[in-house]
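Consider the two complexes below, in which chain A is the common component and chain B and chain C are the respective partners.
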Partner chain A sequence: MHALSTSSLLSIEALAGGVFLLTALGTVAARQLLTCFNLFVLQSFLLSASAALLGLALSSPHLLAVAAITLATKTVLIPWLLRKTVHGEVYRIREIDQVLNIPTSLLLALGLVGLAYFSVDFFGGVAVPAYSLVNLPIGVAVLLLGAFTLTVRREAVAQLLALLVAENGVFFAGITIVPNLPAIAELAAAVDIPVYTLVVGLLTRRIYSEMGTTMVGRLTALREE
Partner chain B sequence: MLLAAILLVPVCTSLLVLAAPARRWSAEITILAMAVVLALALFAVQATLARGSLSAASGWLACDGLGALILGLVAFVAFTAAIYSRGYLHRRHPPQHRIEAAGSYYPLFNIFVASMLAVPLMANVALLWVALELTTLFSAFLVGFENTPEALEAAWKYAILTTLGAIIALLGVLILYWGTRVLGQEAFTWNELIAEAPAMPPSLVWPAFLLILIGFGTKVGLVPMHTWLPDAHSQAPSPICALLSGVETSTALYVILRLYSVLSRLPGSEAGPWFVVFGVLSVGVATILMVQVRDYKRMFAFSTVEHMGIILLAVGIGGADARFAAAYQITAHALAKSFCFFAAGLLVLALGEQRIASIQGLTRRAPVAALPFVAGALAITGMPPSAVFVSELLILKAGLARGQYLVVGFLALFIVLGFAAIMRHATRMTFGAGSGSRWTAGAPRTCLAALAITAVPLVIFGISMPPELAGLLRLAGAAMGR
Partner chain C sequence: MLLHLGYNLLQAAVVIGFAPLIEGILARLKEIVQSKRGPSIFQPYRDLGKLLRKDEIVSRQSSWIFRAAPYVAFTTPVFVTLLIPVLTRYPLFFAFMGDMLGAGFVLALGGFFVSLAAVDTGNPYGPMGASRTRMVGFLTEPVFLIVFMTISLVAGSTIPYIVQDEWVRSPAAFFAPWHVLLVIAFFLLILAEDGRLPVDSATGHFELAMIEKSKSLEYSGRGAALMKWAGAMKLFVLMVVFLNVLVTPWGLAGPTDTSLAGVLLAVPLVLLKMLAFVLVLVVIESSLAKLRLFRISEFTGAAFVIAVVAMISRLFAA
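Up next is the complex of A and B:
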């Protein structure tokens, strides 16, 4: 069997990048929390696939390790932790309540993607390989989309998923600009994110048991008057 | 070995007090452990003074002047907060819940302190990011410890917003790493970064700096990313507030100050204005919010935003004198602010109430809480003999010497306004007829001990400058710039 050529690996990677961006837009538009959840898992899988494809194309064992770590933590461990810690009914029935309506959100989200596209110009003067030109703007766009989703959602789990999406965006950009991050840092980050999910998941559970709701956006006891 | 021990002691203590048999004594064990950590940290400071910098664990751990300063302050406030916690928790929880409360409080307390101690010791910038993110993770449940709706709301905002900041900063850290890789460098340590800075492409360093300034600036509480800070710093138990406000903010600021020395080595770039603009903005907005604040713990939280702004501004002024004064301000703020939150904790114990408007006649109702409260308010607003007085004076002086009259004018104006705001609230609460019953229970002895221990360096550093401190501040200042 013929090994795939580097260029075809890279074009598959670019395709994965496009779908990766679409999943982030999907989390902006999705009404059901379960949809957001599934989109996050799909997105994490695409991140892992992208790292694996780049790892093969550049023959970088670092990136293959990143792909394996991402696959294990983000598509298996984190979804499992979220299921464990947060009450099941949250995923089933609720339509997400958000500050802006969905068409407006999507319009603003598209604006953010446009902004991210130009962000690469910041790095003018530095030789950027072609695959970075794909991953960098998409990563920045997904970071912005995650931050945006975080601000418009009121549901605790939706906010957490938005954060994880933003984090996926940073890693998507990161794998192309620093394909050789020290292994210890990769490992530490790999531990950090599931621990974070666990902490925030438990916090959500406590908020639910104390207040009977996970609509954290409706909590406004603390503010300046 | 020494540096590794500083991290291992609190980590092991955390595991120890997690074990059921040790829970009954977890307060005492933690005090003991923090005393050991403080002693080790002071050894490390001594060694850094003698040798300029330390390195351990084949270069993964390192400590220079700025790191030693932060390390010493974290260890000191952790020690006093551990002492304070014993009496505070005892009084806040009914006897049947005490062991249970201690069982969830002290493991988190120890591991939170360990993560803060790790920040100034991590030589690798990516690992530093991990350590800083861990400080949020381990303290989120401490912020929500009281389990009231307000405390949980504060913990939620804290965990979500500071992590969003950390994720933004992560992109900055990765771009910095990209910058070193462009030069063919493999190691990603601060020393490496500073040495390579002149050759690094500015088009990578600048975006990285801005992302880190916004990202970790969220954790520092810089305006306009400060919105979570007064919530978290007012809802956490008071000893945790002392740690959060006194030192956790400074550990995040530490990263931004380190970057200043990288930026100042870039050819033809001027980072000062960024620091001055963000500094003035934080000082101004925080001061105005202090005027109309309604909760005395929130008042001290806004004062933290103000002081972070002052430190940033001082570094932005530029020059060795200003950086020396900024290091002094970090020290004075850590001491004065932990004192203020310890004093505020006594008020919480005495009155069970945080609204300024409902408190009057403290001198009659709870004199033992009123005295430290007024002393703290005077100390944090920069009245002599508080160390804050000297550090703020040095910053103003350095600014004048650099000809930054406008900046100095703004700073002086806001310092005076901040003084007026805090003292207006404090006098209204302290004096006057006041209704309500007297506090008969009296202050827990460990709380008074923590206040007394904090007051000693706070006053000594305000009256005289021990040569060791001067040496450390000079080293720390040198680490912040060319």
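Up next is the complex of A and C:
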């Protein structure tokens, strides 16, 4: 029945890892909010594909469940919530306000990727399976890239997307370290993340209707009425 | 030995013969996407024939460089085809004369002469395009070097035949994360180097915005034909390196069967791969807008970062 051998499944999983890293770099470099949004959806899909491939390769039902949950929440529910709660006008932003310009942030992103690979080299001593050595550094790199984008952007929705990207990175590394991650943990996260997406989305909607902008990076002073 | 020399010449003939066809297909598909009918796919051949029959007018102010540049530009892509696997998987007569870096230098030589020729005449748009091309050129140069370095890390060589063999032999290397990243970086390089859309509008006729095409504005007759043909061949050669060495190293004449029939059978397969590439190019050219000049550094910067990430992931994986 095994049409595809374990090794070929794992190598296709590595391919998904490469594209996963690429989408994270894309969110650092993208100027348009809608591009960021689409990249996040693509990235979540790749996360789910990676979990499914690993689940098939290691014949772990837990990972298959993780893949299904990720697919349902991150590629369908969260994008839908974001689209519903945040005003459509916000998605037409063509130039996301940033603290640093794009070439500088790309160069810093490069440093972060280097740091991620370098730090994971220390884990090499710990007994990790070979396939983790693909996922682990990519996951850590995407976590760092997401956190970096979160600090650099001044736009509320872009910041939220960066947070979700960082979260994707954690899961991408997590699925290989603990392949038998109880599905209940993933289920808990699957409830948690849509809730905070909803909260931030509603908050952004409120800010937008009060201020006419979502550039939260500019909201630094309190004002007495 | 003599057979390999013959195949090498056949490769060059394929590149010379089919380069305008690819250009014609690209133009036609683009028009179809824009709901127009468009010219026949053989239009570039007719254009070349017409230009070759016409008189050539050369400015009295120009030097020998202006007259020599079309010939240099035409010869360099042909020369590069001797080094790269166009039709066969096994190395041919001239295969070990130069590696990918050498091929890059030879192509750059053609570009250098064309830029000089553009400055040579008094035309105000020529030097502008030439200096812009140099700008794009020096922004893409580091990316090329990083890509070639990573390739040499993976395959242990930068001879295109050996690199290609590496991807064919080991599927694990083919699906590795750095391979995808390399492919994307190289693709962005092709767009920048050939003056394709986010960087430069290849079909634009507005002189002030031109980068690549403004350099051949002064040519007429045979010179114009050679420049046009050279441009088509340059794209063809870059596509061959991209497709046959990096992305889809299959479908070429195998190492066991060295008959002429096998080599000839590879021609339609290679053209089919190119058709797929052209489709991607059409989608990009019809959906993206041209970048502002000073945003080109962002585009090449992204390519650079992707290439370095590929290198980092390869270095630490070993």
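Points worth noting:
Keep in mind that, in the parts below, the second predicted complex is superposed on the first by the 214 of 225 C-alpha atoms of A that agree within 3 Å, B and C clash if a C-alpha of one lies under 4 Å from a C-alpha of the other, contacts with A are read in each partner's own complex, and residues count from 1 in each chain.
The rule we apply is simple: a contact is a pair of C-beta atoms (placed from the backbone, for glycine too) under 8 Å apart; a residue touches a chain by one contact, two chains touch by 3 or more.
What you see is a predicted model; the values in this text were computed from it and never measured.
The partner that reaches more residues of chain A, of the two candidates chain B and chain C, is B.
Once the two complexes are overlaid on the shared chain, A:170 sits against chain B while remaining clear of chain C.
Of the two partner chains placed by superposition, only chain C is touched by A:15; chain B is not. Across the interface of their complex, chain B is touched by residues 122-127, 139-140, 143, 146-147, 150, 156, 159-160, 163, 166-167, 170, 173-174, 177-178, 180-182, 184-185, 188-189, 192, 195-196, 199-200, 202-203, 206-207, 210-211, 216, 219, 221-222, 224-225 of chain A. Touching chain C in their complex are the following residues of chain A: 7-8, 11-12, 14-15, 17-19, 21-22, 25, 29, 102-103, 106-107, 109-110, 113-114, 117-118, 120-121, 133-134, 137-138. Contact residues on chain B toward chain A in their complex (touch as defined above): 60, 124, 126-127, 130, 133-134, 137, 140-141, 144, 147-150, 152-157, 159-160, 163-164, 167-168, 170-171, 174-175, 177-178, 181-182, 186, 188, 201, 203-204, 206-207, 230-231, 234-235, 289, 292-294. On chain C, the positions that touch chain A within their shared complex are 171-172, 174-181, 184, 297-298, 301-302, 305-306, 308-309, 312-313, 315-317.
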